[in-house]
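Sending over a structure as structure tokens; questions will come in a sec.
Chain lettering (A, B, C and D) follows the sequence in which the chains are written, and residue indices restart at 1 in each chain.
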């Protein structure tokens, strides 16, 4: 005996008449794949409103059709503006290159769609400010806007934030955050659009430091108030399609930040850190304890408790896979580790919960803007020989 | 402009008229959730035949309907035999308790369905032999049968096997494999069906050592020829619903195995290894190198190359997330780690490829039977005070 | 203004008329060098009776004279028996090959000398029993006898013993101990006396398992009651000076031990564990916690406390360099790590304290004998196809 | 048969008539103990000229006499100037507080003594310059002067330097060096002379960054050319003997350095890094590889080789205990780890070799001066809000 699956959600009244929130994703390459994975799976793990994978949008009709088929979308399309006119689309998820974010997000918000924008929020502070204004206006109409700092949904980092908020490490004094990759360590790695200022805005700074700065703000819950920094391009020329071409963005960046709460943060990001693949590493030192995290081992958090019994203190390796840990209850039993992509599914769940309950979506566009301002201050300080810039 | 997504696979002629292979999963608790996740996602990552999540089967109509809705199934049902009669079901995936495996798998194979059985293959050698016979008969008719040793799809372990097969560690002499958990370390943990011999067959031996023995066979590609072992129940009585009750399965097991290739393998499994959550740890020592793996850090493989430059030899930590690593190309760029559940999706892909190409499904039921025989030999040896049992 | 250094110890009445305990070391190769280092340094770190490095004894007059000069001895000699007749020698420290231990130790004890014997105590149980008898007789005359299981003086292991004794891990159920080296992994490594049964007694078993078994007894403070084991020689023939020669000792050994306290211990030792240099690794799993140690990182002890706050439990890495840790107070401030040789200096201090206070010297010859009996039981079990041998 | 130990060194003509180089150590607390240990042991391990531990000098006659007795000195004294007049003193080793270094070292050099000065070379650049001048004058007369950056003798760091010099990591681009301790993390830790500018000069900067900067210069063999930095005192007031007192030195310091070779170095030191005991951590990223070191695991060096076989690249953990590794041959067989104090013995050996062969002593006072200049530039930059200071 079989039965077609009923949809209890319809009866809950939380969703529109169609029985599910219709989602559109704009962009279908790396981030589009990751976000598609999130929408395909979110209802299987989280008790959120139901979603329908309505449409995937891209520039090339053939490519996007193939991607839509693979990733589980009902339809594909090439005209993002027409998507905004559809009544069956309730959420617009923007995974396009950064310079397109502002126009798409503002239009979507004005059309009454809830919006998720992949990080960084925008390429410039001006764009980001325009987006924040649109989000504020939309919020008044019950529309949610979120920026995709997905690492906030790494259980170990969410746990770290909780522990800090609960005072488990005391007053946070010193933070070390680095995000190290090595895909440009080889000087023969070719030129790409990511290495031109006009297309990419910046290099490691925008790409990697944006995550790092957001984590500092997330973990410490305190704004950055001043910045001293420097930038470097280790390989100034790379081989392009038409011969050698100058690299006009940074390969690596360094900064010292101070927060309103009195912490000092050292920040270092690089695409030339040979042998490091995706090493977002964070150390937090407080008056009562310390924390350490490495994205390459994202299921683990190291914790030092200065109040533990003398003689047996030491950094403990917490496997953050217990049911009581943030986000973990939705997934698997203890010891069954999560991967990178699970963060996007949890992010989608958070957005859906915000839509459902009317709570603010976090991180909001304001958070994205603040990160942009800190990155801008690094650039400014670097241009001034490292002199401190106040925010 | 939008377009409904075309299905190129239909045109390939690889699938039946319906355009997709219909899948039924029997069982909807922990393993049913994990296997559902695999079927929901396999087409998004692997270029296999398309699948349709037709029906999820369970004992309780309400529970299975709710699970089916969450996990993306078209229908739910309570009668597994009726599923075998349907023409639109091509694959039957058995996630029920072990004592049900044999009847379900044999019936499904006889009905012409491809079958995936979650490990362990069966609770007894006799059942497993019956299943192997059915699989052999079915194979002659082009039907595939696979047992779900999902850890063969951990990229680091598949890489380890490749490295060993390529001679990178030379002749394998010594293997250490342990699978340590701690959910029974607390003596107040209550009685469950898993701790009664009549329902569970055995304890840590069947549950954990089955994975460990399969890995030994997988990595070394050589059969186990003799076994000496012992079993222990550290906490002989636990609190049941009706008062204290004897624990009749092992909490931990130890064995020394020898393989046809001349290796000696130490095996240790436990549910009382305090602080270890899911630690399947494997060390391989060969004449030219060594390997080390830990499931709690499943994206990593440690490799020692005795032929490397003297003075700089050492165990290297390989982050097994490169596009060239087994299975990884289907997923994310370097450094973006996978989790436990990805192994099931890759397992589903392997089965689909076997169905598609006519290649044998591996590991087959014969592999499951061999693992059962080794576990049986451990029990026999333990009953004979550790004296060696030859297989 | 300078002053010759007074010797307060003389006034304490703790030493003989000469003002210091005269020490003789028999043997001047690897162990002789390590023990010489201990005697040269013990007074600098520990408030023990003063010692005088009287004489170093070896077979070759020239070699031992050169060694004596380098290692700080007043004299060198070639006749160990004449040393026993000297009134200015109070301590005899035996660092010769194992088959010489019994005669030397018994004679020294009968001559009224305090004796330290490098491990293993002897090559056979019969020799060890003779030594124990001599030590018992000597003890009645106030003479001390100690066997050199120096790893008892690794601060992290002494701490581990203290923690276990204090109940910090609860009832110990399961212990994993392995001692892995790789100097025979290369099949072209040449034949040596260590690989012939007639000279070495056994291979990895006597050399490495002796340390491992002593640690089990030390940490658990409970005797081994039964043993099941097996031995293997991976490379049966090696190149000797006169051509290929059979290897007649084990390259590796495995055993499962049970203790009177109810623990089960897995033991594995090897000289073919490619990439492991001196890896004495110990894991202890108890009802309330766990411990982990690795001699290659001898300043660290990992500790798991099952009673810690749920959600932040994890194995903590304790850097065992605090002043309150065993032995550490004699050395350097926190964070200033010790090496392998410091264990011998601490061992010498322990012997001197026993001499000074009249307390028993631990580990005594009885401990050495017990270890020999366990190793003998492994050999016996191996000869009986792994069947359990009771002690 | 015994024989008094002959002294072959006398016959070599390398030593003065007395048969050994007479050594005096000034200072007998922490560093005096460590240096005494070095002189007591150097001849046992290294084939250098023989030394005689002539005299230990301190301020308090009783304390220094007791220390001299424990540490193996022939005499003790309280007047360092009188020591300089003695013909039997050939080496003067200065372990007193930093403000005394200059006067003592200059006088000793002028008296024709070889001089070793514990780091930092001096408290001010002016003092250091005076010492460099004296050392240059003395060098012309065959007298050696060395500054005690003992970590240059950690085998793993000496190996790192060799690997970099051999081009094994290619062109060095990026270096991360931090030295983290936590003895001031507790805000109740009391006031000491180390926290007053007038006595200590600076805080973590002079104490910890001096080691770090020396390592950068040692490893890269290239001078620092510019500096941007900042300083912080996290706990501005601490309890002194007479009540609360302001802390007038830094608790932590940060800087970005650039070297003549084009590398960018991030530097961070702290005494408030909760849970870090003595963590001098160094990461080197070059065009062809990378290195990582941690003083808390000083026997290990991690190495990444970008030229290794694709698919099996990873940071390898080299246990730097092989006979071929720098300094290791003098000590113990592979796998027998060294501790912190061994670096001082190797340092003494290096000085003795320089004296013996006439080669320059490295690191010389010039190296100490350069480190002081870099630290001064950090202070200057910090005072200018982080603006870059050029050297």
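Assorted remarks:
The criterion applied here is as follows: a contact is a pair of C-beta atoms (placed from the backbone, for glycine too) under 8 Å apart; a residue touches a chain by one contact, two chains touch by 3 or more.
Protein names from UniProt, one per chain: A, B, C, D = Gfo/Idh/MocA family oxidoreductase.
As the structure is a prediction and not an experimental result, all values here were calculated from the model.
When each chain is reduced to the average of its Cα atoms, D sits farthest from chain B. Counting C-beta pairs in contact across A-D and across B-D gives the higher total for A-D. Chain centres here are Cα means. That of chain B falls 55 Å from that of chain D. Averaged C-alpha coordinates give centres for chain A and chain B that are 34 Å from one another. Look at where the CA atoms of chain A average out and do the same for chain D: the two points lie 44 Å apart. Shown for chain A are the residues that touch two or more other chains, namely 304, 313-315, 319.
On the chain A side of its complex with chain B, the touching residues are 1-8, 30, 33-34, 36-37, 40-41, 43-44, 55, 61, 65-66, 68-79, 82-83, 181, 183, 277-279, 296-299, 319, 321, 331-342. Looking at the complex, you find that chain D touches chain B at residues 159, 163, 168, 302-305, 308, 310-319, 322, 324-325.
Residues 169, 173-174, 176, 178, 180, 182, 185-187, 228, 230, 232, 234, 252, 254, 256, 264, 266, 268, 270, 272-276, 283, 285-290, 304, 306, 313-315, 381, 384-388 of chain A are the ones that touch chain D when the two sit in their complex.
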